[in-house]
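Next come the structures, one after another.
Below are two complexes that have chain A in common, paired first with chain B and then with chain C.
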Partner chain A sequence: MSHYAYFVAGWLIVIGALGIVRSRNLVQAIVCLAVAQSGTYVLLLSVGYQWGAAPPLFSEPATKPTLHVVDPLVQAMTLTDIVVSATVTSMLLAIAIQIHKRTGSIDPDELDALRG
Partner chain B sequence: MVTFDHGAAALVPLAVAGPIVVACILLVAGRSVPRLAVDVTAIAAALAEAGLLAYLLSSAAGGRLVTWVAGWTPHHGYSVGIVLVVDPLGAGIALLAACLTAIALLFSTRYFESIEAHYHALILLFLSGMVGLSLTADLFNMFVFFELMGAAAYGLTAVQIEDESALQGGLNFGIVNSLGAYISLTGLGFLFARTGSVGLPQLQTGLAHHRPDALVIAAFVLVLTGFLVKGALVPFHFWLADAHAVAPAPVCVLFSGVMVPLGIYAAFRIYWAVFAPVLPLGDVRRTFLVLGALTAVVGSIMSLTQRHFKRMLAYSTIAHAGLFVVALACLSVAGTAGALLYVAGHAGVKGALFLIAGVMLSRYGSVDELALYGAGRGQKAMGWLLVAGALALAGLPPFGTALGKAVAEDAGSAAGYGWVPVLFVAVSALTAGAILRVAARVYWGLGPKPVEWSQARSSGNVGEPETRLQRLPVTMVIAIGTLLVGALVMGLLPGLHSVANRAAASFTDSAGYANQALHNVHELVAAPVTPNWTGLGLGLGFLSAGCACLVAVAGLYGSRLVKFLPGLRAFRSPIDLLHRLHSGHVGDYVAFMMVGIAALAAFVGLPLR
Partner chain C sequence: MTRTVRLVVFGAGAAVVGILGVLAILVLPAFGGPAHAYRDAAVPAAVAHGTSNAVSSINFDLRGLDTFGEETIFLTSVVVIAVVLRSASDETEQRKKSAGRPLDSTVFGGLLFFPIILIVGLDVVTHGHLTPGGGFQGGVILGTGIHLLYVAGTYRLLERVRPVRPFEWSEAIGAGAFACLGISGLLLGASFLANVIPVGSFGTLFSAGTVPLLNGVVGVEVASGVVVLLSKFFEQAITVRPAHRRAAKTDDKSSSPRER
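Here is the complex of A and B:
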């Protein structure tokens, strides 16, 4: 079962990259980028996950931390990763909107201002 | 419990946070104050940052500065905290970034007629990302700074939103670089799964004493991918020409001068700080030598066959990035020192060349070598500056580029690769010859009047410039002059080679890096004291400059040459094919990136079976 999560993570990254390669629509390509990034969330979370473990919450200083908690570090990293994703995706979508305004097209096959 | 001394080390986080604070202030207050105040504040912030980094550099000269952010110091060599390690090489690159930022902002004052404070804020955020990337010793932190730098850079590329090609360039840049960053993050996940930490020193101790198995090799390849994309190595390089061709000239100074070298810096920082004790040296050396040499060759051919001047400079940056990698790939103190000197010299020279391209765009509304034939006959002074820049790029002594090349060539020969000096001379001559050809056509009107127009390639008529300048503003002249003089002075500073040797010795000392960060053990490694110039280095420098002039003459009168030697036509179709591969299509770029990852994995992994 735990291998399943790694498989999902790898699948999301590869299918996201493949989606950008095959995309005929810039918005779709940007969403594919976000899909590839979702793979990294799944990977990070599954690296730190333990079956049957408690969430990493230690409310009272007196309680001894139990050994069976999931890894808080990867959760913090995933949160940071999501913030980064929001920044980059919004930036790229803004550029895509501007491209549509200037050229009337968001098909990468029709955008040929940059060749050679 | 290990105690870490403070003092200069306490100032390290300020170097990262300072520009962010000023950027926020500019974003809030920028609308209500005059443009001059915004310009002055931003330049002052960049200069203050340079001052702070110079202080950190001088404090780190005797070793390294280690800061555990918020006091999460390690217990028995383990900590979940974030560590910043300032060594002379990292601080030097950060200082270079701050100086170039100040010059780019100075040039921008008159380059953009109407631009709001968000441009200055983006530049300062960009600076903060670059400084953070050079000073951190935490892999996840590197990813975050990579993306901070990236997001600011995508915005800066597309800052002139009325220009269609700028938007496309920004988008290609953004998608390819961010995908690279996520692939790096995947590799980081692998490393975390193995070691339970993300700090570079902890990763080194966590991976040591094991055979390099499939997971370590996969992690090495994936983590490096993002940084090699930033460092524009073939086949990860496609985004660079698009982004550099369309970004405003002062932004290109930062892109070519430090952002691309920073990608290479990060890749080799990760190699030395984490993987050097695990992976066999010969394997890694061969991989990077092949990658670097391929990049240098592809970059120089593409550069030579451009007519869009900024695109030519962009491909020239790719070619020189290949040379940096070849120098670093010697995996020796001498090679690293050569690359460091070369990066610093190249930053000044390439920055000046990009600014001259900006001046051309402002004055003539185009950077197309053929369309501008003879357009600059009245402005010979700028023409001479362009010639000086081209010869400096070729490595004419005593420019800093020549010093870096000489040291790197020497290191290549010493490592047993006799072809390294040949490659350096050839790439220098081809890339600089192309620029000399532009100078001769635009400012002197030499060669036959061009008539041939190939539709398969970008012309230089991209976008309208912000302003059509009638007279050249003094700020622009100062910016170009400072960069060129800086590159010249670098080559004349006595003892600079020995300083670079010390920085390189500290950079390549894997065990010392981990020991000082985790156990606060200072051990200085000895570095050789060497003179700046050798006879062979000087000779190769003059040879490159001479060959560059020959390449320029051949470029000007090439059509006549073909009449005498029809066999030269055979080269046309492979070069056209190479140009067609650079399609401007983001899907193609991502496909090549996947091929690159597979090739890299095969190169590193297969010999270890």
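Here is the complex of A and C:
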């Protein structure tokens, strides 16, 4: 099946979202968000893949660089994506720590009271 | 909203997204095909700038402004975490007297791998323009590798080897140096973050112009940022003790009325 990788990416995003919806633990919800974000890595990398192509590295002095490599642009975007995902995860974990200190709970269902 | 209602709402949304997603994916170009317009544009540009690793060339040269934004996001998140996880006024810092000793095999493994990991991290940073790697990846290796001292030693040893204050400084200096390199591109060349240094001979350590320099400053910033970030989480887990559990504490002193 020629679109298999795209379906894997879509599946990861949906299953990560389902994990967030069903979560009873904020840390688990944050990990589920990371799973959903990893779907975007799979999507980006599979967009740039080409059968039989080399990695986008050129070791010898380039007289005539071959274009038969996988797309380096989406790989660079994946790197950006991973950095953003890591920062988001760490910030959410910091907030989860403070929520636990304030309320004594990390179950999202118990955090339904608005405080002014 | 009860859990059942939430699941039903999610199921309806996921079904719509799933159907539209399948329809969209089926008209995409087939996986692994030969048509890559961005690749055809980016690879000659990377080679023209003397960068062996096309991914690094895109990150630090062709799309340098994006990486500046990415690096700023990282800096900001470390600052946010330092603010969110600061000790509250009624929390005290405590230190356990005896934290126990790690296993001998753990100590041996930690001491064995500590120098290796630092060298690998430096290698990944300095060769980011030649081989896979770069400032972000190498910085994370360096920043986390230091914490082998905690795994193999004690928290006190880690605190002695890794005073947080200089890392806070070096993180800011790394971010500032990135901006300064960008501005020097503006002054000497055409635009912000223009590659103004001679690109050297292809495939050698001193090539690719500003790319290895930017990799270096990003490596300094990310390594320091990871150290600062992890130190905040370590403080929460190890030294900070809440004064007393406040089950339902309103944060501000004015005790505004609660809304439900």
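Throughout what follows, the second predicted complex is superposed on the first by the 108 of 116 C-alpha atoms of A that agree within 3 Å, B and C clash if a C-alpha of one lies under 4 Å from a C-alpha of the other, contacts with A are read in each partner's own complex, and residues count from 1 in each chain.
The rule is short, and it goes like this: contacts are C-beta pairs under 8 Å (C-beta built on N, C-alpha and C of every residue); 3 or more make two chains touch, one makes a residue touch a chain.
Predicted model, so just to flag it, every value in this text is computed and none were measured.
Using the contact criterion defined above for the overlaid structures, shared-chain residue A:99 touches chain B, although it does not reach chain C.
By the document's definition of touching, neither partner reaches A:12: not chain B, not chain C. Of the two partner chains placed around the shared chain by superposition, chain B is the only one that A:26 touches, whereas chain C remains out of contact.
More chain A residues lie in contact with C than with the other chain of the pair chain B and chain C. When the two complexes are overlaid on their common chain A, residue A:39 makes contact with chain B while staying clear of chain C.
When the two structures are aligned on the shared chain, A:91 is found in touch with chain B and with chain C.
In the superposed model, A:80 lies in contact with both chain B and chain C.
In the superposed model, A:111 makes contact with chain B only, not with chain C. Applying the stated touch rule to the two superposed structures, the overlap between the chain B and chain C interfaces on chain A comprises residues 17, 21-22, 48, 71, 73-74, 80, 84, 87-88, 91, 95, 98, 102-103, 109, 113-116. Interface residues of chain A, counted against chain B in their complex, comprise 9, 13, 16-17, 20-23, 26, 29-30, 33, 36-37, 39-40, 43-44, 47-48, 71, 73-74, 77, 80-81, 84, 87-88, 91-92, 95-96, 98-99, 102-103, 108-109, 111-116. Those residues of chain C lying in contact with chain A across their complex are 3, 6-7, 10, 14, 17-18, 21-22, 25-26, 28, 30-34, 36, 38-40, 42-44, 46-47, 52-55, 57-59, 63, 66-67, 70, 73-74, 77, 80-81, 84-85, 88, 130-132, 134, 136, 201-203, 229, 232-233, 236, 242, 245-251, 256-260. Taken together, the chain B residues at the contact with chain A in this complex read 80, 140, 143-144, 147, 150-151, 154-155, 158, 161-162, 164-165, 167-172, 174-175, 178-179, 182-183, 185-186, 189, 192-193, 196, 198, 241-242, 245-246, 306, 456-458, 462, 579-580, 582-588, 590-591, 593-594. Remark: chain A residues 2-7, 10, 14, 17-18, 21-22, 46, 48-51, 55-62, 65, 67, 69-76, 79-80, 83-84, 87-88, 90-91, 93-95, 97-98, 101-104, 109, 113-116 touch chain C in the complex.
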